[in-house]
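Heads up, the next two complexes both have subunit A, just with different partners, subunit B and then subunit C.
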Partner chain A sequence: MNEPEKKTEYDVIIIGGGATGAGTARDCALRGLKVLLIERHDIATGATGRNHGLLHSGARYAVTDQESAQECIKENMILKKIARHCVEETDGFFLTLPEDDLGYQAKFVESCRAAGIDAKIVDPEEALRLEPSANPDIIGAVRVPDGSVDPFRLTSANIIDAKLHGARILVYHELVDFIFEADRMTGVKVLDHVSGEISSYYARFIVNAGGIWGAGIAKKAGATVNMFPAKGSLLIFGHRVNNIVLNRCRKPANADILVPGDTICVIGTTSTRVPYDEIDDMRVTPDEVDLLLSEGMKLSPQLAVTRIIRAYAGVRPLVAMDDDPSGRNISRGIVLLDHEERDGIKGFITITGGKLMTYRLMAEWTTDLICRKLGIDKPCVTATLPLPGSRSDRMEDISGKISSVHLNPVKASVGRHGDLAGQIAHKDDYDLSLVCECEDVSVGEVSYAIDNLDVNNLVDLRRRTRVGMGTCQGELCACRAAGMLAHAKECARDARKDLVNFMNERWKGMYPVSWGETLRENEYTLWVYAGVCGLTAEKSEKDSKVPETKED
Partner chain B sequence: MKMQENNISANGFEQCIKCTVCTVYCPVVPVNPLYPGPKQAGPDGERLRLKKGVFFDESLKYCLNCKRCEVACPSGVRIGDIIQSARIKYSRHSPSLRDMILASTDLVGSTATIAAPIVNSVVRLKPVKAVMDGVMKIDKHRTFPEYASRTFESWYRKHARASQDGYRNHLSYFHGCYVNYNFPKLGIDFVKVMNALGYGVHLLGGEKCCGVALISNGMINSAKKNAAHNVGLFKESVENRKYPVVATSSTCTFTVRDEYPHLLGVDNSSVRDNIFLATRFIYGLIDEGKVKLVFRKDYGRKIAYHTPCHLEKLGWGIFSTSLMKMIPGVTFSMLDSNCCGIAGTYGFKKENYQVSQAIGKPLFDQICSIAPDVVVTDCETCKWQIEMSTPFKVMHPVSILAEALDLEATAAANR
Partner chain C sequence: MKFDTIIIGGGLSGLVCGISLQKKGKRTLIISSGQSALHFSSGSFDFLDRMPDGTPVENPIEAVSKLPAGHPYSVIGRENVAAYAGNTKRFFEECGVTLSGDPDRNRFRITPAGVFKRTWMSIGDFALADSDREKIGERILIVNILGFLDFNTAFIAEGLENLGSQCRCTAVKIDELEHLRKNPSEMRATNIARVLDRQEVTDKFIAEVKAALKDEDTIVLPAVFGLKNKSVTDSIKSSLGDRKVVFIATMPPSVPGIRTQLQLRSVYEHSGGEYLIGDTVDKAVVSKNSVMSIGTVNFGDMSLEADSYVLASGSFFSKGLVALPDRIFEPVFGLDVDCPAERKDWYSTQLFDRQEYVSFGVRTDAGLHPFKSGEPVMNLYAAGSVLSGCNSLYEGCGAGVSIFSAMRVADLISNKEE
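The block that comes next holds the complex of A and B.
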């Protein structure tokens, strides 16, 4: 590759398209910076897309970590305003079971209040009336302002706004190397996974927002960030069992949160340290499934008999404090590293640690640092400026405005895209016909996503629309969506390969819980795709050996 | 590792593996594009409704509640029940005056029978039909079932009650609104046949409408009251008097056996196994060698049998057809499994008329091509629909038996 002599193209290059990277891109763009974001897969493929989707009130951290709790409740209230279409205000209960110490409740409530979290003790009977799926044996309940958040939507909305403010987003672009001029980092060499070409981009500042992968990115720059990957596994149930988030009122432990998110609910998580070289291949083990199910049943006995559609795992980016290389002193808080000060690498910043809940604050800190260094005096507005999709006043009216016919695919699309659903064509029967029947995703919505939301393949499409996320896990929708992608990209061969990949990726998540109805569903799917339609992988890949897919 | 042994959810909606065979078998889907079909309206919609009630779709009212989806489902999902339960739970449409009139079969019936000749001729008048069509939205093409001038119950009290205790065996008869108000002859035929088989026929003592029309018109509280009342009577009959309960209407039978517990939450488990459809009961007696049938030598009929949807769901069509085939001199044709389209009060509603007739068309065409002497079916509303839509007369299997049996010889054989 020829490296043309280029001047600085961008003010900031952000590496990583998770919530933090997307949020930083938005904040930088809103403050007038010229931004490029590169992401080696799709947006929200790392820890961003592989957690509970819990809009923490902070209550979980109140007793053990006041600082995190305070950050959470502040961001919780901000997200309820700026990202309404990504958030559902379900509230949450912290339940005390007979085996738990009811004495903890008083300390818990006191700590919540100290952090500014509105925690109310609720009579167990009243709690059961409000959330009938909760364990009937509870001896105590505290109500807190937990909620659920859709991380794909949240990341996508940040990306959309960043683009609206001039940012450039390159997905499927992987960092190959950094470019230095003397002691200053000036650019990145990037591999385009679609075209196979390597290009160079230059900027005044380069932000490492790679989450757990940030350690590897920093290493390429010659800096050391000590990360301790902690795997967390979760189970997705086929439909909502609860409508209020259920937590255990005790010291945070395994499998003690049940979150209703969109059409499903999720129990999690486990926590296991994993070696750094395994972070690209997370699999849920039978022991983890056992643990999640047996603990989950204590929150809601209904889980014992509710169909599990998937299992998935993510990796928390836990960062060791700089003064403690042993890793015992782990911070769950935000870690912002100015590598100029720390390692003498000018123009390089790492933002890591933190949580999905604090992505906006992480972006704010990062952007503040860049602006300070650039001498730009522009305040952060992301705490008050609603994201695209959440700009209309009353969400309930939107579907009425968009279509006089109150059809479910229209309602569902408003739920997913907020006021941006107005851009979805729902003119005729064809637009309104369903691609995904479980999640009510219409042809119009899929077309909108393909045309506007950087969709390269079926897995990307799933993150934008929920195609294939329902009970049937792609059985009916995958071939329809593949057909639409083939049409849009004018390549049936790629679409066919993509379809195989997608179905295998779906199976990867079903495999750890493949019994009962989930197994029947998969057998039927296999029969339709392989048996009737003759779909096979081009190489002799068996179902149990799924190709590397990075996400669930 | 531990695996879940089973998945339990309301009406088994989690058992759905999205094979979509229910939608293929739905009689409404091919003729009404406004209806999303049983899969969408049922298990798929249920997930969305569990997320938020706003996903309830009023188009669920187009469901006939024929339960053909449930018969087709290989996974045991109670799709029809999911749809009807959703209507009960979410629909904010209160029943119109028309719906209340159509649903209140026993109230309207008891009033109409008093002035039956007048009512019958008035509802046939064109101007009246036009008013009912325009104001009430009851389709003008519909012929209203005639009301009898004397109810079955009053016939029974006058002509039958006194002799019933003299029989060896006994049963309670759930006659239903249709027999009582519109067509006492079927009830009379039933008493004749059962008496000949050595069974005394007793009334339940104040049965109320089974409630099927109340359910389909959204009058759930009234339906629940009727259900609780009737189950009380069934218990009295089955548990105290040891009389099984037998009905001639397949829809009444289906409603009291299955809709009570599934849709209305009225527990009938202690009596359910002792509630029978007449043909099922009679066939059982023959099969166990408890009764003998002596047929007339001179009987001859070309019969085409139509299985009502709810009988299809009960799985008991075989008993009616087997009984018909037993009769010497009967030429039997089995009609294809199709819905006639009326679905109780559904087809009476102006907005459903076209759909109703379109659904029934394959059945009507087949009947016309066979041209039987008589169509036989166990359901009264199927009878109205077929008689209105074809030139053929429709009879109940019990009435066919009453015609074909040598009642005196049968009675002698079972004494």
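The block that comes next holds the complex of A and C.
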């Protein structure tokens, strides 16, 4: 039980590999702390990876929540500097439709300016010239510095830099229990989902950065954090319909943001309170799809004729204010809980609430608190120090450095990995062979990800390289990548099971929108994987040595 | 323009129907939009792998009598299905496509994922195993072409090793194929097959295989040979002497499937049939339960007329059926489609479960006449995967339904006119 002399292995253990956890790991590591991060799935799999990918200007919150708006615009400008390879500066329009009150526009612009957001009223005709996909019936438009951000890339860059500064990252490691010594939390018991082993790790401070799952994590520690899971559903379209983010100029509501990203665009979101015990299995309903489509078409009528690739949903971690026992008063801002002060649990901190946009600030607050408690006086540098991938001065030069030939897969990999793309081998024709034709992912890039980026399975690989994210949703590339993983991990059976799981995971986002081209594509996928390849769901559970029939 | 029969769809079903009618002296036209399911074929034909309840089928001819009334085989009739199944090998042999297998017995093929899967007859070079526990060799060399990612040797090796064989994987480099990689997306089965159709390139491949060979008794190769030049396949078998050579299907495109498509089309055209490719039927005049004429995109206002019409347009992938968020329709004639009204009943949330939408299609009467507004269209016939009543993927009956319904339609059309 309580061994008398326990060595503190780490200064900080962070639970949760979303943007907040990754950002906190980076900030702590940059300030010289010895850091361990544990994540039960892959990085960026919770709310971090399940949103619009909108680089908010803060304009959306300007009227209703000045504080959030100010935080957003500050972080917006910081991310444009430190995470250039994750960000696209598209700008955004707030459109007024004939059914909306044009009177709201003046108040909106005034609130934006008060928050420090550069908001300009644009003539509707000029707005339509700049963004021809917008609804031609608009009666007003305001231009703001919105953009798009790739949340996975952003999280990954934070993880890479944390590692470069000595942090240890354990993905597929789940918290089983906390370890206490008297009134002090001293460690965690962790289950390794790959090996099945349970290990203990010790630290002076333990940070709960579990997003919506943070309520359950706090409960394990004996603390109560009141959270209200709010499901938000989104649709991904197969083309980049708009180049400028489109919002509705009204009080925030359902399906009123259309964000372009890479070759696609995303409409969202709905907002539904869901029971806490359902947060691990978010599925998009047909009604939500219909609502997203009908509202989205008001922003851009083109969505009516654009193919939908996937539907997906995330869960926002809304936190009830501590001083409100009814739980109705929700904080939309950052919530940093020092459980020593609040609950008498020494060494335990929860960071939650907030938004993807404010992950860096949340990390800064958390790290400041830890440093203060440790008596360390080191300033935060994350607002100015570029992330790995964004350190070269000119992005355009990077692909030139990597290869004298500007081949598509090389260009695409620079888009995905920034200046780190230089580490991808494109030395011979084999490395340049395409694994994924929709997204231009080469053998070299897949090998790089398998070797360097903690890839355990095809879903991990998809997040790092976009394999299987194009319009075909993994028809051939999934099987090719599974073959490469089979070689790398030296286990074909696991790779085959993984392939079945991967295709099933892709289907989860497709069946809510399974009509038209999506259904066609799926029929083809089934012909290939169930028909030609003979893959079955049973195959992934049963021992493949068991004969299929009991004939003579 | 006037024909005896116009067939909409140039895949397996349309071609079998067209060839059968040409043999009976009819003047036919096939209108094909391009790709067919043969382009992503497994290299084998399924007849009936399992019953709708999942029971595996050993003898498909016997099993047909136990199928429900609405199943295409039940509509075609048990006796007819047995007769067509008995004829299939000869029919294809006469078209220059050699099939192996027996009409009344299912066997197993080895899939590109290394799984043993039930099937009925196999095109040419594929080995069929009598059971899913049968070793194809003791020591097996699995050979791939360097950089070809659609032939997964690790999966195949694992599948064969499970049965107790020893496997070794290797990849050979062929200079003539290297240029395909200059544009990386060109490393596809059919593009490789085109180069290997040159005997001197296949000879180089054989030499590389011989050099890699140790004491293996069996050689597994990707099915990328003999797209148009069948003799290269034979040369591999003869050059490798007493070693057993087994071809395993690649991921699509399917070389044996496309070879079969090309071969059937050529036989059809040689017998006088007209094959229009790259056109889509977009107009149809139906009056008093009869099709009066049809029109296509390329023909514009000019209409095409025939005594009878065959709808062999396939299912969703081939656009024989089209799904909207709230309904599924048949786009050429607006025929009645069997399917539930609610979208949530179209699919299962688990991809590899039985997907109901695969079984949707047009309902027909016993004469394979589809219905429009509740009435059968008497000079129109439906064949192949546009038919409702079976889940071709779950039951493994796609090729059988295509071939037998096409043969049945050809018989019905010629009997009617006699």
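Following the convention adopted for this analysis, the second predicted complex is superposed on the first by the 532 of 552 C-alpha atoms of A that agree within 3 Å, B and C clash if a C-alpha of one lies under 4 Å from a C-alpha of the other, contacts with A are read in each partner's own complex, and residues count from 1 in each chain.
Following the convention adopted for this analysis, a residue touches a chain if its C-beta (ideal position, glycine included) is under 8 Å from a C-beta of that chain, and two chains touch if they have at least 3 such contacts.
Keep in mind that this is a model prediction, so the values were computed, not measured.
By the touch criterion defined above, A:E126 reaches neither subunit B nor subunit C. Applying the stated contact rule after C-alpha superposition, one finds that A:A482 touches subunit C and leaves subunit B untouched.
Within the superposed three-chain model, A:D290 lies in touch with subunit B and with subunit C [touch as defined at top].
Contact comparison for subunit A: of subunit B and subunit C, C touches the greater number of residues. Once the two complexes are laid over each other on the shared chain, residue contacts for A:G238 go to subunit B alone; subunit C is not touched. After overlaying the two complexes on the shared chain, residue contacts for A:L526 are found with subunit C alone; subunit B is out of touch.
By the touch criterion defined above, A:W515 reaches both subunit B and subunit C. Once the two complexes are laid over each other on the shared chain, residue contacts for A:A495 go to subunit C alone; subunit B is not touched.
When both complexes are overlaid on chain A, the residue A:W507 reaches subunit C alone and has no touch with subunit B.
Contacts of A:E437 after superposition on the shared chain: both subunit B and subunit C are touched. Shared interface residues of subunit A, touching subunit B in one complex and subunit C in the other, are 286, 289-290, 429, 434, 437, 476, 515-516, 520, 524. Contact residues on subunit B toward subunit A in their complex (touch as defined above): 1-4, 6-9, 13-20, 33, 36, 39-40, 43-48, 50-52, 54-55, 57, 75.
Residues 37, 40-42, 56, 58, 111-117, 131-133, 146-147, 149-150, 152-155, 157-159, 162, 178, 181-182, 184-185, 187, 249, 251-252, 254, 315-317, 319, 322-325, 343-344, 346-347, 349-353, 355, 357-358, 393, 396, 398 of subunit C touch subunit A in their complex.
Within the complex, the subunit A residues that touch subunit C are 283, 286, 289-290, 409, 429-430, 432-435, 437, 442-443, 476, 479-480, 482-484, 486-487, 492-493, 495-496, 499-500, 503-504, 506-508, 511, 514-516, 519-520, 522-537, 539, 544-545, 547-549, 551.
Taken in their complex, subunit A has these residues touching subunit B: 238-240, 260, 262-263, 286-287, 289-290, 293-294, 304-308, 406-408, 411-412, 415, 429, 434, 437-438, 440, 470-472, 475-476, 515-517, 520-521, 524.
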